[in-house]
Structures are given as C-alpha cells and as structure tokens.
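The two complexes that follow have chain A in common; it is paired with chain B in the first and with chain C in the second.
Let's look at the complex of A and B:
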C-alpha cells in the first residue's frame, strides 16, 4: 500500500525482505545502507536481540531519485526469520508493496526455505494478498558457501512462477542491488498499472 | 482498505497542517506528527529540526502494530491510546479513523490532561479531513487519474535512472 503525496510530490513504497532465520535479510539491508550515499538514506533501525537476531524488524528508508518530478522513497523492512516470531512477521507484512524472498542456499537449510515461503503465502493470504500476484523477487543467498544446492533445484523449489531471481553473497554485496532494483521496478510498474485501471 | 493506496492532495494537506499547528499550540506540545499505520510519515510540525521523524514514524507504527496484536489476543479491538512517560519528554499516541496515528510529544510545559483534551478535539477534525480525502480518492476526483499522474508515462529507463 503505497503513499502518493501530491502535495509534497512524493511516492512512498514499502518493501519487505522475508526468509528463514539467518538467511541474510538483515545483511542485505546493512550492505544497502553501507553503499548508499548519506543524502539519500535515513538511519538503519534494527530492533534485534543481544545476539543480533532480528526481534521485530529492521527499517531502512531510502530516497532514490525522482520520477516525473515525484521524489521516490522506498521503505525497506526485514522480518524476524525465526519460526516463533510469526506474530511479528504478520504485522510487518501489513501494507506491503513488494516482497523479496531471501533463501539460504545451504543444503541443510532447504527445508527451512520451503517452510518459510509457505509461511509467507499464508501470512499474505491473511491480508488478502496472493503470493502468485504480488510484486515478488527471489534471492538465492550464501552462494559463496561450499555446500549449496544447485541453482536449478532451488529455482524449481522456490520459484515455480519464474519471477526475477538472483544469486547473492550479501556480505560482499553480490546480487544485493540487483535484487532491490528488480523489486523496485515491479512495485512501480504495479502502481502504474493500478492507476491506469483506476 | 486493501488495495487503496494512501493519497494526499494539496487541499487536504493544508487543512491537516493547519490542524496540527493548532493542536501544537493549544496542547503546548513540542512536536506533533501524523503517521499512517504502515509507518509513512504524513505531516509533522513543531521542533522537528533535530528529530529523525522518518525513523520515529516507522517505530510508532511498529508500536501501534504490536499493541494492536496484543489487543487482538485479549479480544479487544485495539488500544486506541498509548502513552509513554520519560524523564523529560512524553509521547501521546492515538489512532484516528482506524488508519491514521496522531503523535504528540510534550514536556513539563504541558500535561497529560491537557494533551488528552486537545487531542480529542483534533481527532474529530482530522477524522473529517481524512474522510473527505478518502471520498475524493474513491470517486476519482483528485489529481492523478489523468494528466498529472507521475505514473502515466513511466518507462523502464526512468526506473533504472533512480539507482544512478
């Protein structure tokens, strides 16, 4: 649910990073934060446990450039991936415009990936969204590790719809901005479509 | 409200801004701001220069969302007013029209009683303005459906440029 302000000529959109515990959602935001110039970002807010697991959410406001005279802002959120934080995940998903699913490529995390994407489908449905038509991209993270699932297998399991997807190594930034760009593009195109159809 | 994006027009923005300023003065507050439930800052007034209003907006929405979740578990619809007391500053948070969050920050120059009273009055005014706004959006009378829409002619290139 975006916010279009004709008075201040701004567009605000909400993007949520979803995925199993420790898959690298927070790391994505940290990298984006590190690499964005100070004028165009706000503070990175992390509500985390003492062991740096996300407790409620991370939040990063990004001011990108202008589109047709409108300042474009993206509010990036991550959810807590640990299974028992489901109530919090539901809250963060409210009013979402675009979703990034971050998968952990390690073989032993494949089950957690599938469980998490099913959980995403259920939580979206509770809000009246359908995972099959929201603005959605998939990121296969931790490709630097030795024990990863082959790409085509991951695609088959996690991206049957064939949405834009990317291999990533979040700590060094590989794939991070490609992922963000892709979801931003989908969100804006969706806004355009909605405006046109009224 | 699913699928209905929040839209703000010049006319309503001016009305809202005027009401926030009136509330700020009458409640003797330091800062007054409005946030939508998803954490987008709508308007702010008062001593905002050294305040990170964007972060505050997001955390306020998180706070309301969390207490709303608690309310549901208790079988309450929502907790419509929250109050946090600090050493120096206090925060009064209330929900307007189930969708908008009104926040007043005040110190010892004011009091909880006064803030409560003034917020109640402003809530009615603001509620009416948002009602008008919603109607406008739904009837498609506002700008944005036609020539003025920033989306009408967006191209892939426009979007690529955003990322420099």
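Let's look at the complex of A and C:
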C-alpha cells in the first residue's frame, strides 16, 4: 500500500513492472526516464549486466506534483525476470500499489509469459494480495517482431479478466506511456476507493 | 607477530595464519606487499623470535603518503557480512565502525568522521544510493570516500557494473571483498599508480548520469512527458488540490477529504518503508528459486514438468545467445553452458517431485530438443 510520510508531506506509490526475462521491463523504464522532464524524475537506478540482465531491480522515482500539499511520487520498479530469481521478485513486490505485466509477444516466450503471470499471482497471494483486485495492466511488448503471437491469443492467455492492456514496442516508446498512465489511473482511483470504503 | 614496514607501520599478524612458507600481506598504509614468515626453528632453539621481513614488492611508482589510523564505516544490514568485512579490515590494521541501517550510518558519518564508508546498495532506512548522495552533499570536500557494495546473484554472470554510482567513489561486488576491498580503500585514500586497470570494465565511477542517455540533449524538446499529467489526464476525478486561500501547499488538509482520511489511515503503510525492501535475504544469500512445485498427484504434473524444463531452457538460451550459437556450431554447447544448465537443473529438481523426474528426464530432453532445433537454424 502507499506510504505516506506525514512529516515530509509525501505520498509514495509503488508500481512494479513484472514479466519474464528480457521482455522489456527495463526498456520501459529507460524510455520513461529518457522522455521525462528532468525536474520531475529522480535518477534511474539500474543495475544491469552485459547481457541486459537486471541485477536485482531498476528503480525510477517520478514526481507527480502535489495533492493538497502532499508531494506525490510514483516509484517504478522492475523485477529480475528469469525463472531463477523468485525470491527477489517476492521482495520487490512488497508494498506494491500497481503492477504492469510486460509480456513478450514472441511465440517462443509464451510459456515464459504464462509461467511469469502465474508466478505473479502466487507471489502476490503470499503477501495477501489478489491479482484480481490489485491495480493491474498488461502490456504486450515487442509487437514489431515478425514472430509475435496474435493479439487475441495473448489476451486469452494473459488477460482473461480484461484489465487495461496495450500493445507496445518499448524501445521506440510505443505503448509505454499509455501503459503507465493506465496503471497510474488505477492506483489513484484505488486510493480514493479505499478511503470511501474505509 | 609484528611485521615492520618501511613506511613505519607495524602490521600485526595472527601467528596461526603464517604457515611454513610464510604469508604475503599488504601494508594498509603504503600498499607495499610484504612477505613475512617465521624464522627457521630447530628443536634446540625454541620460538619466539621476531619475524623477519624477507621481501618487499617493487615500490609503487608513486609512493603514497603516510596517514594516521584509518577508520572505515561498514553500512550493511546483514550482520554476518559485516563481520566478514570487519575481520578483513581488522586484519589489515583499519579501525572499524558499523551501522546496520542508513540512519545510523548517516549519524556515524557525522559523529565519527570515518575516512571510508562501505555502503550496501540495499541498505534499509536510507537506501544505499541515497546515503551516498546525502553524505557527499552535506560534507562535500570533507566527505569520506565511499565504496558502494552491490550484490551479485552469480559471480560469473555480472560483468558490467552499475551505470551510476550515485556519488560513491568506487564500487565492489560481494564476492570481490576478500580480494579487492583493501586494495580499493588504499587506492581511494592514496591514489593508484597510473594505468592500473579497473576491475569493472565499463564502470564509470561516480558517473552521475546513467549511460542510457548520453546522446540525449538536455533540451526542453527532448522531454515529452510530464508526470504531473498522470494526475490530470484520464483520471475521472482530478485529485489536485483545490485552490483555497492557502493554495496547494497551504495549511493542514481538511480532515473531511478522502485523501486526508486515507493519509491518516496509512501513515504506517509499508510500501516504501525500510523494512519493505531489503535485498539481503535473496541477493546476498542466494535464496532464490522458491517457486511453487509441481504437485506429484497433479494429473498435469508431467506436462508442467515439461513446460518448466522448456522455460528454463528458453531462459538459458535467451540470456546466452552468442554462447548458444558458438556451442551449436562447435559441438561444445554443454561445456560452454555447464553452469547455467546445472543451475537450471537444480531449479527443476527443486520444483518437480522425484517420481515425475524418475519417469523420464524431461529436463535433458528439453535441452536435446532445443539443440536439435537450433542446429537447423544455425547451420
């Protein structure tokens, strides 16, 4: 859940980009970083490797401005995508407000997509979240490649609930901000809903 | 045993660590490598005689200045890792202070003025990279040297350093501590001989700008996105502050607003609190791969085992594309990728119950199938 620092008058929301290895999570954050006004962004923390592996996470704070005098920030994280790094993913999911599932559209990665989204559901459940209830959007990335799965099939496999979803080509920015705006909208509306119900 | 150095320092060594062939130690003050050993002994001539210095390495091109006692602050949550570093530093004659979180570390930096701070990236309280920036910002020229401690999942995998050190002076990976930490400290304090190669190819120490954007002009036109629009665009009800007498940053919010109520309810929310994110348990200790297992009684258990095997193969191949190609062409696939394949097998065996694994080796079959397919492509 969002972290409110009353003394410094800050609201921090945590959005995690989840998905299989090399699906484009870091590329999403890099594009956001590249195209964001310097006054509104923090440093992109990115520990990667020569083979583009995420070391343990990427981190990008975005300042959204003020809500009634409270500085509001979205903290964007990625997880290491490879099937091996499950404990790291669990840690990074702690306190999450919104999740972007970045799917790799290549046909040979469909099993990895399915595994990853199941893994997301399990890891969220272990922390008391239900994937069906969290602020969640899906991005079908790498749509510019020749070997992509048809969109309908991807939707059927990865988005049966029909959450907001977007086609994307993260390196050139296609769909990147649509995805971010969609999850941001859900997170902010969730804050409101929680207040109204509480 | 005490080993004297030409610079005037006396190095204290544990006798038990000085074997028959002696031991090589590096003076923390000047960096000279000393080869110390016990004097030859006979039954008639019992110890202890003072140790003798037999050999010193060539004097560095630039003799570093001498320095008074050096204090190193270790800012690291994990107690075991701190102890390991502490022992190494003690062994080399450094004074050591410790902090388990960023707040304590910041206070100790202010109070104790250590010459060197080792900061873990995932430090709780204040993240390591934030701590670096705060120390450098507040103390400027008098700031201590900072070595950022990152962690690796596998020492063979990560060859490129971080794109930014966030104000730190150097960077070290956990597996390098025993070999390189003291050298790095010495280098930061006394300078390094010209031309000495960096251990981290590609690392730009203390680079403040991530490498992903060097070609980007910092002009207004280059930035197309203002995060403020996330609050204003596409949201059914804008939640920006109403323009009251006090403006957006005015007096305390009215308690009746949904946001204020939410804030009051959420003050202790864990999203970004220090305990919400610690990489210690997984990255430093390698405790990954705790995925849900394939259930033995599951009618789809075989299918799931096969799928897991294929996913592992796919991951291994995806992250090693050049190596895969080389291995296919030269028939050295299993040799070149031995570590990855073994790592994958451990995960496979952890998740797939033995009765399923004993039916057939689906993991091996997945690799065989992959190689056959790749042969057609590569050739």
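One rule holds for everything that comes next: the second predicted complex is superposed on the first by the 187 of 198 C-alpha atoms of A that agree within 3 Å, B and C clash if a C-alpha of one lies under 4 Å from a C-alpha of the other, contacts with A are read in each partner's own complex, and residues count from 1 in each chain.
Basically, a residue touches a chain if its C-beta (ideal position, glycine included) is under 8 Å from a C-beta of that chain, and two chains touch if they have at least 3 such contacts.
This is a predicted model, so every value here is computed, not measured.
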item	value
Clash or fit (per the criteria above) of chain B with chain C on chain A	clash
First, second, both or neither for A:171, with chain B first and chain C second	neither
Touched partner set for A:8, first chain B, second chain C, both or neither	first
Which of chain B and chain C A:111 touches, first, second, both or neither	second
Which of chain B and chain C A:128 touches, first, second, both or neither	first
Of chain C and chain B, partner touching more chain A residues	C
Where chain C runs into chain B (options 3-11, 21-29, 57-65 or 93-101)	93-101
Set intersection of chain A contacts, chain C complex versus chain B complex	1-4, 6, 11-12, 14, 43, 45, 47, 56-57, 64-65, 67-70, 72, 75, 87-88, 90-92, 94-95, 177, 181, 184-185, 188-189, 191-192, 194-196, 198
Residue ranges of chain A touching chain C (in the complex, touch as defined)	1-4, 6, 11-14, 20-22, 30, 32-38, 40-41, 43-51, 53, 55-57, 62-70, 72, 74-75, 80, 82-88, 90-92, 94-97, 108-109, 111-112, 115, 119, 122, 177, 180-182, 184-185, 188-189, 191-192, 194-196, 198
Complex contacts: residues of chain C adjacent to chain A	121-122, 129, 150-153, 157-160, 162-164, 166, 202, 208, 210, 212-213, 216, 218, 222-231, 233-237, 239-242, 248-250, 253, 257-263, 265-267, 269-273, 276-279, 281-283, 287-292, 307-308, 310-312, 314-315, 318-320, 343-344, 347
List of chain B residues in touch with chain A within their complex	1-10, 12-14, 36-40, 42, 52, 54-55, 58-59, 62, 65-66, 68-69, 140, 142-145, 148-154, 156, 158-164
In the complex with chain B, residue positions of chain A that touch it	1-9, 11-12, 14, 42-43, 45, 47, 56-57, 59, 61, 64-65, 67-70, 72, 75, 87-88, 90-92, 94-95, 127-129, 177, 181, 184-185, 188-189, 191-192, 194-196, 198
